[in-house]
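Consider the two complexes below, in which subunit A is the common component and subunit B and subunit C are the respective partners.
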Partner chain A sequence: MKVTIDNITLEVEQGTTIMQAARQIGPEIAPPAMCYYEPLKASGGKCRGCLVKVTAGSEKDPRPMPKLVPACLTQVQDGMIVENTINEEVLETRRGIVEFLLLNHPLDCPVCDQAGECHLQDFSFEHGVSNTRTAEERNTFEPTDLGPNIQLHMNRCILCYRCVYTADQITDGRVHGVMNRGDHAEISTYIGKAIDNDFSGNIIDVCPVGALTDKTYRFKSRVWFSKPVEAHCDCEKCSGQVTLWYKGDEVIRVTGRKNQWGEVKEFICNTCRFDRKKTAEWTIDGPTQISRHSVISANKYGANLIQPAFPISQAARDYKLINDDRDRSFLTDQIKLEAKK
Partner chain B sequence: MKLSNRTKVMEQGEMTLAERMYLPAIVGGMATTLKHFFSKPVTIRYPEQKRYLGPIFRGQHILKKDEQGAERCTACGLCAVACPAEAISMVAAERKPGEEKLYREEKYAKVYEVNMLRCIFCGLCEEACPKEAIFLRHDTMVPVFNSRDEVIYGKDKLVEKMDQRYLRDGWK
Partner chain C sequence: MKILTEHIDVPGIETIDVFCKHGGYQAVEKAIKKMTPDEVTEEVKKSGLRGRGGAGFPVGMKWSFLAKPEGVPRYLVCNADESEPGTFKDHYLMWKSPHTLIEGMIVSSFALGANTSYIYVRGELMYVIHILEKAIQEAYDKGYLGKNILGSGYDLDLYIQPGGGAYICGEETALLESLEGKRGNPRIKPPFPAVKGVWQCPTVVNNVESIAATSWIINHGGEAYAAIGVGRSTGTKLISASGHIRKPGVYEIPLGITVEDFIYSDEWCGGIRDGHKLKAVVAGGSSVPILSAEMILNTVDGEKRLMTYESLSDGGFATGTMLGSGGFIVMDETTCIVHNTLTFARFYHHESCGQCSPCREGTGWMDKVIYRIEHGKGRKEDIDLLVDVAKKIEGNTICPLGDAAAWPVAAAIRHFRDEFEWHIEHPELAIQPGAVYMRPGASWAQ
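Presenting the complex of A and B:
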């Protein structure tokens, strides 16, 4: 099947969604995903962050689709033409989507443990506007206790349902879910239950915002002060493939390994996540590859040094060749010297 | 080899009688020295006397408190990541119930240290701060150190005292 996304044509298999096709091209083309999570079945379609414009439905029926369609749910058809970042309507809509997602989201990034690896931060940085138009009070919820390991900040939740799907598909027996409807919807456990399943910690990894965070990591450090290292261990419950986050010599956090879309492919158990926090319990595979533009690689010297894109492009643009046609005849001796060498 | 054509050959002629006596030159020099006894000195007697520091001078760091006396800093780490000299370090802690009057946010800096030997007083921490917590005072310089133990300023030296608050023009 032939599909064209942002003027780039590629061949994909039948049944591929626009999102998966765009991700095959690369991160510049891929639409943002706040709720779609590839390893989880039926996820997607909640946040509307990935809306794209289909200017030609298929080869047989080249009429454009009347409205923007979610890229994570729409399957490609042969000859489909999709516009993502080159369509002004899409970008305008995304600005609106960011505004909707941030309607009730508190501005507590300085406090939030997710800051620096938060998908909502990235999304609003790339697609949002810097000022707010609302004067109304934001929704606030009473703090709910989800058990000894997981901290819930309902105020930050964007209701993406990822954690609900994780609990359904990874663990046996979900004890939490989304209660109430509309503006009152909130993540909560069934009365008197704590989330204590062996794989429940994965809901921390799948959460795109800081609504579900690790209690053992709470306020220990900021993400960009810690150093991620890939490691593995022999665990009878899970694959044991994890990322260790170091601060100095101390392991302050253990997470699953995330790919470039921020998705964990191999879910890890709670013993690995919350209890194994000594270097001796792990076999270290090597440093995690972090994008050089990520704040996580800030102040860490080496190969992935941050290259500030704007000043470099500005310097390249404003570069002027210096007029240097002085008389250099007296330098002939010097040139001869160099030739001799 | 001549590098340029600007070379000038100086020639010294025979000295006159007055020049050979040296005395007129010495008197002239003395007169110049004497003149400076009566002119205004260009230096000041620091530290007894202090020069005026401008309104945008960047001096000693201060961690501001709000009107209720609660610390504004929430240990977000943006000052530390913005610091080109890596002079700032901090340890965060969670606010306990009952400490609402001490700290404004849920999280606060339990330890906040600025290494004054590393600091280059560029003011980037002030610019990065989202909570308007850290400022470089325009009226106070960091005093001279006598030993290495004095160079790391902790919260005891940095946090604003409520009886001597730091205010700037244009602030409420």
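Presenting the complex of A and C:
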């Protein structure tokens, strides 16, 4: 089947979604995904970050679709024409989505463990606006412990439901879900129960923001100061294929291996994640491939090698154009005034 | 012309004996004994009956979209989760005359080939649920429900499911989730309920009033029903009239009377309460755009606006509104539109399910901004902010609740922008209890 996304035509199999087709082209074309997670069934459609414009439904019926459609759920038809980054309506809507997601999100990136590998940071950097229009107080929640190793910061949660699907699909017994409605909805375990099974740690990996944190890693380091290394071990519960995060000679964190889109390739067990933190327990496979413009690769391989991606360079260029009060020093104003006198 | 409420004031109509004495259950006899399911569907198609829940989609068409794979059961679900502010017609019908609904359910289920049907009733209406359950038991005893109805070999079981008290469960896919015992989150469409509905089987979800009207259509024929009304708006409609009118209540009107008639004639609302005059009308339940007095009475072309689907939406959202579910809220000069919009925005903020981000965050944001304006803390840019937020919610959500939340706010600003501006410019006056902005030249007296 033929599909055209942002004027690039490619052949895909039947049943492919627009998101999967766009990902085949590359990260410049792929719509952002805050809730869609390919390994999890039924995920997607919630954040509305991947809304795209379909200007022609199919070869047979070339009418445009009346509304923007979620790329993660809409299957491509033969001859479909999709506009993603070249459509102003889509970009405007995405600006709105970023604004909505950040509305009740505390901007505590400086103390958040996820900073540097946060999907919401990337999303708002690439698609958001630099000023805020809200004067309202944010909804707040208290951090809660989900079992001995996981802490939930509901303030940061964007209700993508990824952890709910993870808990439903890879672990037994349904204890993890959403309570309440609307913007006071919260992720919770069944009446404050701990999540107690061998694969519960994976909900940390799937979280796109810093809402679910690893208590063995909290506040130990910033992501960009640690160095990821692929490793494996013989584990009777899981595949044992992990990424070790080193700070100096010390393993400070163990996560699953993630692909280009931040999706876990194989879920790992809690023993690997929380208990095996000595180099001697692992066989090192080699360094993890990190995209060059990721902040994780910064300061490691020579600064001049890092080429900013297009949206980043554009954002840097546009930044000066924005009339931001914070740019104007109160001193410069005074000097100008005095010069006038 | 009365169809659904013809015998509603007869004492004892809630019992099956009195109901049968007034022509009840004849449609069941006629449909099951003399007609095939396809003939029933055809008759409903001919009648031009449109969904009475709000969207106005033709019922017969919806029925014919139902997937009919071999060996898979089909279901009919009656949406009695009427929770739209301003709408109380289904409540009235089920409470006064439960058998009207049950008769329609049997006829409709027969047409769709459903052997199990559900009535999903709003949880707050517990006493109505008791009335319905009693009525269903009577129908079982008389042989209109159960195995082998009237010796025809057709089986039907009818169940009642009380809702848990959420507005969102009136959305058809959220209703099905709730019916299955899950959290009432709307499903992502497609697949539509006609293909994969309750228990992943083909399902039709219809409003109480649509289903109740089918039995009259079977009795009198589709053409007789289509003869009432104007154009594509056929038949009668229950309107729940509320607000500053002399005679609030539920009225059954033939579609096609003028709005002016409906508000001022003694047969219906009886005019605005003494000494006041009409300011604004919300014509179809809280989620449709509000219109000012001039706009609701006449269209832009200067014609009198009629109580029909087409005439009320004449001019699009720029100058029109929608018939919706028929919750007709009338407001006189003493109503503060900002306060009214705040009430609606607060409702949608409370009822958003929280699944998709534009609705979850946007409804809360609009509520908070309007709250500030109403309480004298508005900023000049807030009005444009509200318009922009409403625009970004509309059409970008999983289910229509996002649209329903955005429309009233956008329309209130579109038609009553001066009132919002007054609240921002004169906070000291706006925070006075009962303060209402008067347009220059407007007066309280009629």
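Criterion: the second predicted complex is superposed on the first by the 301 of 341 C-alpha atoms of A that agree within 3 Å, B and C clash if a C-alpha of one lies under 4 Å from a C-alpha of the other, contacts with A are read in each partner's own complex, and residues count from 1 in each chain.
Assume a residue touches a chain if its C-beta (ideal position, glycine included) is under 8 Å from a C-beta of that chain, and two chains touch if they have at least 3 such contacts.
All values reported here derive from a predicted model rather than from experimental measurement.
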Should A:Lys67 be classified as contacting the first partner (subunit B), the second (subunit C), both, or neither? second
Looking at A:Leu244 after the superposition, I want to know if it touches subunit B, subunit C, both of them or none. Which is it: first, second, both, neither? neither
With the two complexes superposed on chain A, say which partner A:Cys207 touches: subunit B (first), subunit C (second), both, or neither. neither
Does subunit B (first) or subunit C (second) touch A:Leu40, or do both, or does neither? neither
Check the residue A:Ala22 against both partner chains and state whether it touches subunit B (first), subunit C (second), both, or neither. neither
Which partner does A:Arg181 reach: the first (subunit B), the second (subunit C), both, or neither? second
Scan A:Phe100 for contacts with subunit B and subunit C and give back first, second, both or neither. second
Determine, under the contact definition given at the top, whether A:Ala115 touches first (subunit B), second (subunit C), both, or neither. first
Is it subunit B or subunit C that touches the larger share of residues in subunit A? C
If we count contacts the way the header does, which residues on subunit A are in touch with subunit B in the complex? 108-111, 115, 218-222, 224-225, 295, 298-299, 330, 333
Over in the complex, which subunit C residues touch subunit A? Could you list them? 166, 168, 183, 188, 349-358, 360-365, 368-369, 372, 379, 381, 385, 388-389, 392, 395-398
Contact set on subunit B toward subunit A in their complex: 1-3, 74-78, 80-81, 86, 92-94, 105-107, 130-131
What part of subunit A is in contact with subunit C in the complex they form? 45-49, 51, 67-68, 70, 73, 93, 96-97, 99-101, 103-104, 133-136, 139, 158-159, 161, 177-178, 180-185
